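Comments concern the structure below.
By written order: A, B, C, D, E, F, G and H. Residues from 1 in each chain.
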Amino acid sequence: MTLDYQETRLDLERFGRIGMVEAIWGEHKTTDQIFSILKSLEQQDAMALVTRVSPEKASIIKENLPKVKYHIQSRCLTLGKYVSINKSLGQVIIISGGTSDLSVATEAELSLKMHGIQTELVLDVGVAGLHRLMDQLEKLKKAKVLIACAGMEGCLPTVVSGLVPQPVIGIPISVGYGISTGGRAALEGMLASCAPGLVVVNIDNGYGAAMAALRILNC
Amino acid sequence: MTLDYQETRLDLERFGRIGMVEAIWGEHKTTDQIFSILKSLEQQDAMALVTRVSPEKASIIKENLPKVKYHIQSRCLTLGKYVSINKSLGQVIIISGGTSDLSVATEAELSLKMHGIQTELVLDVGVAGLHRLMDQLEKLKKAKVLIACAGMEGCLPTVVSGLVPQPVIGIPISVGYGISTGGRAALEGMLASCAPGLVVVNIDNGYGAAMAALRILNC
Amino acid sequence: MTLDYQETRLDLERFGRIGMVEAIWGEHKTTDQIFSILKSLEQQDAMALVTRVSPEKASIIKENLPKVKYHIQSRCLTLGKYVSINKSLGQVIIISGGTSDLSVATEAELSLKMHGIQTELVLDVGVAGLHRLMDQLEKLKKAKVLIACAGMEGCLPTVVSGLVPQPVIGIPISVGYGISTGGRAALEGMLASCAPGLVVVNIDNGYGAAMAALRILNC
Amino acid sequence: MTLDYQETRLDLERFGRIGMVEAIWGEHKTTDQIFSILKSLEQQDAMALVTRVSPEKASIIKENLPKVKYHIQSRCLTLGKYVSINKSLGQVIIISGGTSDLSVATEAELSLKMHGIQTELVLDVGVAGLHRLMDQLEKLKKAKVLIACAGMEGCLPTVVSGLVPQPVIGIPISVGYGISTGGRAALEGMLASCAPGLVVVNIDNGYGAAMAALRILNC
Amino acid sequence: MTLDYQETRLDLERFGRIGMVEAIWGEHKTTDQIFSILKSLEQQDAMALVTRVSPEKASIIKENLPKVKYHIQSRCLTLGKYVSINKSLGQVIIISGGTSDLSVATEAELSLKMHGIQTELVLDVGVAGLHRLMDQLEKLKKAKVLIACAGMEGCLPTVVSGLVPQPVIGIPISVGYGISTGGRAALEGMLASCAPGLVVVNIDNGYGAAMAALRILNC
Amino acid sequence: MTLDYQETRLDLERFGRIGMVEAIWGEHKTTDQIFSILKSLEQQDAMALVTRVSPEKASIIKENLPKVKYHIQSRCLTLGKYVSINKSLGQVIIISGGTSDLSVATEAELSLKMHGIQTELVLDVGVAGLHRLMDQLEKLKKAKVLIACAGMEGCLPTVVSGLVPQPVIGIPISVGYGISTGGRAALEGMLASCAPGLVVVNIDNGYGAAMAALRILNC
Amino acid sequence: MTLDYQETRLDLERFGRIGMVEAIWGEHKTTDQIFSILKSLEQQDAMALVTRVSPEKASIIKENLPKVKYHIQSRCLTLGKYVSINKSLGQVIIISGGTSDLSVATEAELSLKMHGIQTELVLDVGVAGLHRLMDQLEKLKKAKVLIACAGMEGCLPTVVSGLVPQPVIGIPISVGYGISTGGRAALEGMLASCAPGLVVVNIDNGYGAAMAALRILNC
Amino acid sequence: MTLDYQETRLDLERFGRIGMVEAIWGEHKTTDQIFSILKSLEQQDAMALVTRVSPEKASIIKENLPKVKYHIQSRCLTLGKYVSINKSLGQVIIISGGTSDLSVATEAELSLKMHGIQTELVLDVGVAGLHRLMDQLEKLKKAKVLIACAGMEGCLPTVVSGLVPQPVIGIPISVGYGISTGGRAALEGMLASCAPGLVVVNIDNGYGAAMAALRILNC
């Protein structure tokens, strides 16, 4: 397993500059490329997160690099010891409309845990059965930041933003069919939201939402 | 004022066939064309509804055809005596998220009134301030059919469909900006809705939603 | 087979609230997730419908939960005893332009049957050979509600809505190629329809159209 | 009134090469540009058709070039004597769903007349009231070529192509709103048509459909 | 192998009505469905064309229905004896920009042959090497009708329509990448063509273009 | 000046619930509607912000309601006394790529000022001349939250997010032409950003970005 | 006439850095903003080009700043003395399919002239009448760089790139209607071109194409 | 292995006409078709480049035509001896934002090498960690032409074009997810770029960018 052409130019100063560990987008990289990058990071004793890694790729990499850990629900690989949990920064609650959003919600959760942030998942609070959300409202109000995942029509972040004063980060989920295939309807709905101050990241971008929450907690 | 080429081929049997008065789409017709059609209908003593007529066009037509009536909020012209209200068919409640939806909501209201249907408007119950909708819930449950107008992210029909068992017809409204310009985000959101049994009509189609409600009440 | 993190928050009050059995969207859920949800519902003696389940997933679930039934044409799993047929509510006729629409048409049919509604399928009445539709017109006029499936250009619901006074629910079908890949042309055509009062659900949403028909029959 | 830079490079050999008179697209040209082109053609005693000319532009040009003729319904300018009608080539019938399509339908009609082709307009035969089309069927079967204009969902050419064996050229019309604004739904519907052998031109392209009919009649 | 629910409602009168054999869209039908339709047609001694059939499906069907013939390049199944070639109707030449268009070009060729029309294929005359097209110009001028296939930017039909006076039917091909994935750029380019009288069918619709040519030859 | 139908259902509890003053979307409301809402708010001594008000509308409203203030650059109306500046919450810096973004940048600035937040504008730091941004880097690092406006290709928020650890809220601006008309390229670029933790609001949504910043400062 | 907030941060080092004069995008700037920028540049004795300025804006600015020059065909304002023509760098030929492209073609021409580049315009060589282009081929082969403007289906740059070995820069023009409204079909066609080595700029971006040619001539 | 119908009409004069070797688009061709074309070229002793060839196809072809060479990273097949490197033409530097762009970057590199052009790859200089790009700036300034690959939001070519005076050719890469799936956001961002003179090719078009660079070096 070798990477052609050259040593990868890793952004190892990122942690010092913006407080985030090296993160690698796994989906469009070959197993070889991911292995080479992790190998090089391991030699420098660096932490790393690789998102969107299939179980097949992960298992080959783990065989060659036993120190990495694979997280099957979020489809992420991690390398190195996490930052220890710092409760004084406050908690991030990740809510979601349905079970189908689980892999994105847990990608966000893992990304925060690695950086020492306390998290909680609250699933199955979709707006088509509003009472389930209402039952959790008091808990939600105790979080510092909320991350709200929703596919289909993506209403959940809008309804939540109208109920609580905290920062709410919407993640559109690529769960849907017909007109909402690929999460586009959810994305457009969140951007068009009539609830003031809702912010949005790209479809399925659990890692991005987590880093946004981290920026907020650190500011 | 004359129409070139020929007498218009009006669908005068429509009332007998599907129970709806002649309706004319005013937006892409010239003042001349609308006048000629109404003139011909008046001579046959027929009822008619013309939607999407600007005040400027309306005022010229009214001068030449004093019997027509212009409804400024819904931008419709009507001709002829309405069908008398038949309370036994039940009531249609038209709800809307914001004041900006008023012209579409009133187009639906007028279209139903002409056909003898009892209606009520419930405005400003947008989901970003959920308590306003919750306060009206008991009233909504008394309607036979609900028409729900929403622009921006278009969540209102989804939330309502999760709360009540009646037929809910969603009308996406062309109120929005950026990604939701022209009502597309609202339309896609309603179609992608996770609430079961919500049906949708074209953007701003107050008349269409009303005719759907009429079909339901008559079935 | 176990579901991580927590018990799923099922919306078991849905039947009481809006008269519909628990329905689960199967496509973006893993076999594990579907199994756990059905297991939990079975223990509570609840009815359930799971849509968009591949034969492969279905067969694993059936092995572990012998009480579920798989419907190969509509690709649905059902659990529990159906509501008994209530003929007094009237019949829903489901029409379709071509054989390719069969899986969606039968998803609608099954969803209605589970709720005790009488149905009939009328296939192959596409508008490119109009006489086939005309031959069925008297039968169609006897239904309480019509559900019309069409792919390609999606004209069938428009033509039918111009011929009968009943509620017509259009389902765009993802049958098509080139410009109409994924059912978009059919969807847009139905929304843009010049036939008054036609309502539309998302592409391939047989279940949604059925629930809309149920709301109408119950209102 | 002068054109900067150079004499326009007109395609005067077009009539000899492909049997069509010089046609100029007027919409994105200034009054000055149209005038200069027509002036130059007049000096060469050539025929010409200018499409999409507003009444304001037309009136300025006519003042300076009295020989041109303005056709208000089709918004075209013509120059020169038409080719004499050649009945032996057969007739083109132009049908349309609604009065709003009139300017495109008459652009097609004028373009054919200039080239000596016999035409007839049959308006208001939209598919939402099917009997109006059926009443004209015998007449339609006598044409050599049919041009079918339709806005909104654009079903008319599909239904007609299923009923007659002649060439049918569909023109999508930019009449519509919401999802069908600009004629896109009609265009996509015609392309996706399940009727075999329907051909399509660009939205509102009356001139193009006419030239296609001319190619057919001449072949 | 049996078809559920009912006998398929075939449009067997189509040949009498519009002069075309029964054609079945194979892509979205199961092997079972195609088999049942062909079986039923065979029993009625009817001709049939099934388009878009994969070699896998075709081989199962042929095993059960030995009379059908599979055409591997065009991916079509045919049943029954072709109409005998009628040279007096004239010839259709099918041209194409590149080898990648071959399956669509041969679908058009086969569809015409079945109906007794004389055809010729002229491949590899793409506009990026214009001399190849120019070399074939005299031959092209001898056809009654031209069908021009092009993927990528789809310029070929435009250039040809400017050079010859015959009817030209453009077929956009789903060959492309990036912005032109799926043939959309080619389709839009053909519709937007500045060459007068070019008509277009849906992407990859070889059968449709052939039926349009047949309508022209028969008119 | 009166509003038909009913008293508007204002969400006056919003300040208590989520800490934001009543904000009214002015673009799709008539002058009459805006006046009625402000009149009603004034009587209740409430604060209000109306966005997207043309100078023409504003001047009529001010004549009838002298207490409102019009802000010409941001095109906003305000009513009532602002919350006093609370420096301890920290400062929000609003940066922008070009002068054309000024009205959106100042809408964000005004929205924050009304809520007592200290702000600074840093304009003309577009990435095509990178040194201008680099010169301001030390200043930017002192803000609590950054709001970054960019039209055209929208790169500014991406570059900034890679340089500083604070929360960065991107606002795509509807400045552009051709492919980027309406701000869509900027929006998609920000969502697709490779910089971790950048969050986005709808095109031109200065108010929304400000409320997101407010949520962050208050959390 | 004053600009609020601050002195504009002009990129005056651009000429030294990348060899281009300050260029200002005029379309989304107010008359005030353009005036202030030009005033400031004049005081520093700098050259400047402002694109997309309406005659109305231009005339107000010229009144207050008599040294600027307005170019009506290209809708540009220029300030300062042009770089003197340097013939040794070679000539750029700008070709275009139709008269409607003139304002963009001349924007490119002016932008090059200001930088001392020799240019020639060759208009009306659209591919629907190929002989007009062929007649100019020898001249085109003498240019160093070609800029090819085309609206509608945008074939011209593709055909030219197949005929000559020089760099060809395609400019899609927003001339079109229906499917090609706004120049999108031309843009996609140029990007999808089968001619190797054709490069593209944004729709109507005459200035951008000129700067690309300048980069090439200077390299 | 044989190609049906005819000898392929290869454009063998291309090298003489525009200085480029025969290039074949491999993606939509069958293994058979590619083999036949290469076989025919080999017999004529011609050079050739086949892009987008999967390892599976390549291995079958190599078995039958041992003279071809497969380049696994760029997924290209080459035939024949390369043009010898001509250093006097200058060097092309290919830069890229991330490792995922490698296959496109190396397609460009190979295409240039075949034509005798000196190249260098500079990878991992994405704008989210700007210092990596800045470190390479002096090297970049020594190239004659730059090719800049970027997926996601595609900012790299914009930032580079603002820093150097040479021709910069942007290649959008189909690396992305959600809104940027397929490279569309990167493409639109490059076209919309505020950096003057950036030119763009289709998504993933490494070969096209190389041929554009070749045209520039030869002009």
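FYI, a residue touches a chain if its C-beta (ideal position, glycine included) is under 8 Å from a C-beta of that chain, and two chains touch if they have at least 3 such contacts.
Predicted, not measured: the structure shown is a model, and the values here were computed from it.
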Considering only chains that satisfy the touch condition with subunit C, which of them also satisfy it with subunit E? D
Note the rotational component of the Cα superposition from subunit F to subunit G, reported as an angle of 0 to 180 degrees in steps of 5. 90
Between subunit C and subunit H, what distance separates the C-alpha centroids? Give it in angstrom. 48
Between subunit B and subunit C, what distance separates the C-alpha centroids? Give it in angstrom. 27
Between subunit F and subunit B, distance of the C-alpha-averaged centres to the nearest whole Å: 34
Which whole number of Å gives the spacing of the CA centres of subunit E and subunit G? 43
Of all the residues in subunit B, which ones touch at least 2 other chains? 17, 98, 128-129, 161-163, 178-180, 184, 187, 191-193, 196, 202
With touch defined as at the top, which chains are paired up in contact here? A-B, A-C, A-F, A-H, B-C, B-D, B-F, C-D, C-E, D-E, D-G, E-G, E-H, F-G, F-H, G-H
In the complex, go through subunit F and note every residue touching subunit B. 3-6, 8-11, 13-14, 25, 27-29, 33, 37, 52, 172, 174, 182-184, 187, 202-205
Would you tell me which residues of subunit C are touching subunit B in their complex? 17-20, 23, 90, 144-145, 161-169, 187, 191-193, 196-202, 207-212, 214-216, 218-219
Can you list the subunit H residues touching subunit A in their complex? 73, 98-100, 102, 121, 123-125, 128-129, 131-132, 151, 175, 177-181
Which residues of subunit B touch subunit A once you look at their complex with the stated criterion? 97-98, 126-130, 152-155, 158-159, 161-163, 176, 178-180, 184-186, 188-196
